[in-house]
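My structure is below; once you've seen it, I'll send some questions.
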Amino acid sequence: MTAEQKEILSDLVRKNRYMQSIGIELLELKEGYARGRLPFSEDIVNPYGSMHGGVLYSLADTIAGLAACTCGRYSSTIDGGLHYLRPAMGTAYVYCEAHVLRQGRQIAVYRAELLDDRGVLLDTGEFTYFMLEEEV
Amino acid sequence: MTAEQKEILSDLVRKNRYMQSIGIELLELKEGYARGRLPFSEDIVNPYGSMHGGVLYSLADTIAGLAACTCGRYSSTIDGGLHYLRPAMGTAYVYCEAHVLRQGRQIAVYRAELLDDRGVLLDTGEFTYFMLEEEV
Amino acid sequence: MTAEQKEILSDLVRKNRYMQSIGIELLELKEGYARGRLPFSEDIVNPYGSMHGGVLYSLADTIAGLAACTCGRYSSTIDGGLHYLRPAMGTAYVYCEAHVLRQGRQIAVYRAELLDDRGVLLDTGEFTYFMLEEEV
Amino acid sequence: MTAEQKEILSDLVRKNRYMQSIGIELLELKEGYARGRLPFSEDIVNPYGSMHGGVLYSLADTIAGLAACTCGRYSSTIDGGLHYLRPAMGTAYVYCEAHVLRQGRQIAVYRAELLDDRGVLLDTGEFTYFMLEEEV
């Protein structure tokens, strides 16, 4: 990625109102890879006191979608799925690492893994993106 | 469902902090079925101006999870997936209808369909739940 | 679909060696829809005596993929998933109905439902296809 | 795994008629892990000449299901999904490696990765199993 592309992606993050409103932070971005995190807070829990499955999916989709944009074009989610392995609780942050499985001209597939503070795998999912014509 | 179970489920909705914080409303609940909606707002859009994919998934999982509880026990999501068919924009609300595909003693599968104000299908997904021992 | 397109699709069926070898039959084909079936046989069961999950998925993907071709172009599976609701046994055939959820120029999404002789829903899944440039 | 359990699993493989009929071979089995392969043949191709998506899914589900049985109990697939990354052609075998993501008392989640002769990743998927009461 060029410095200019990085700047455009940072702008994309700023314009992602939902990402801002639930507090997802982007930590790292390189070709085919992105890493981010979301602080645990009482506003995003389910009735059982762990982070809501929809929030976890949002974190995964957001970070994987940004990873897909590192190829130089914008991405739009075609479909996504998440497997819940362990409850997200007793951790200050949930971290997400997304890496490329396939980056084609039109179709990209990324895996997202969610981890707690100690690095334990909480959730894993795969996201399919359509790559838009417009360049980042 | 008994009146008592309905009351317990309403309480479950009140305790679902994330559901409250993004504004998901439960509209209807009967055995094997739930319907809800989420008002469109600027806080839950993606950078392209349509409702964020993570929000749409959250709506689907929340309503389908409540539908699963109508069997009289609490549900915990094992896995979920969503297919994005059309962008969620130009609509005051996104509606979700969830209905049972299989309600077993331990495993339940529900389909969630998201629709705009005019009833156009925006997204569809399937969610697998583990049914907890505790009764609603 | 034109008569010519129907003929080309029949040819596609004849060239689908795996479809022929496990015995999938195409019963009906119209725009955005296909229906087929697979006879139960001892060669395609799992160790528990019901039709193998991989065979059921194969039936679903094959029929949904043909349904996607009714738009006039060839399809290639991007991803697919199946939920197993009830075991496929005690039935002479498993039937598959596939119908369009979204038919775009490049991306198509189809739902496949598998039913037994009495019309009981056994399995349901969603398949995402990339539509090739070549016309049927 | 005990020697006795290994023997019971080998028996399970022999009784898996579909696995035998398409030619899936089990190569390795240890706790939370299984590896197998399927020879490329003209009987299992799609109309485009690559291995059929349903066959690839069958290989993944079969090997991941055997991996799940290494915990000492039988497994039944709840749901499965596969992402097709690259066409399976020009390879003598397709190999499958499955490893545990979560092995619970009732629910297990396994990842299956399909590779060609040179170790290139062709497909990846995740499978959810219900663990039966009966011991292996």
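Going by the order they are written in, the chains are A, B, C and D; count residues from 1 in each one.
Basically, a contact is a pair of C-beta atoms (placed from the backbone, for glycine too) under 8 Å apart; a residue touches a chain by one contact, two chains touch by 3 or more.
Computed from a prediction, not measured in an experiment: that's the story for all the values here.
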Contact-pair count is greater, between B-D and C-D, for C-D
Of all chains, the one whose CA centroid lies most distant from that of chain D is B
Distance in whole angstrom between the CA centres of chain B and chain C is 29
Distance between the CA centroids of chain C and chain D (whole Å) is 22
Separation of the C-alpha centres, chain B versus chain D, in whole Å, is 33
Two or more other chains are touched by the chain B residues 78-79, 81, 83, 109, 126, 128
The residues of chain B that touch chain D in their complex are 78-79, 81, 106-107, 109, 126, 128, 130
Within the complex, chain A is touched by chain B residues 12, 15-19, 21, 42-48, 52-55, 57-59, 61-62, 65, 74, 76-84
The chain D residues in contact with chain A across the complex are 81, 83, 85-86, 101-102, 109, 111, 121, 124, 126, 128
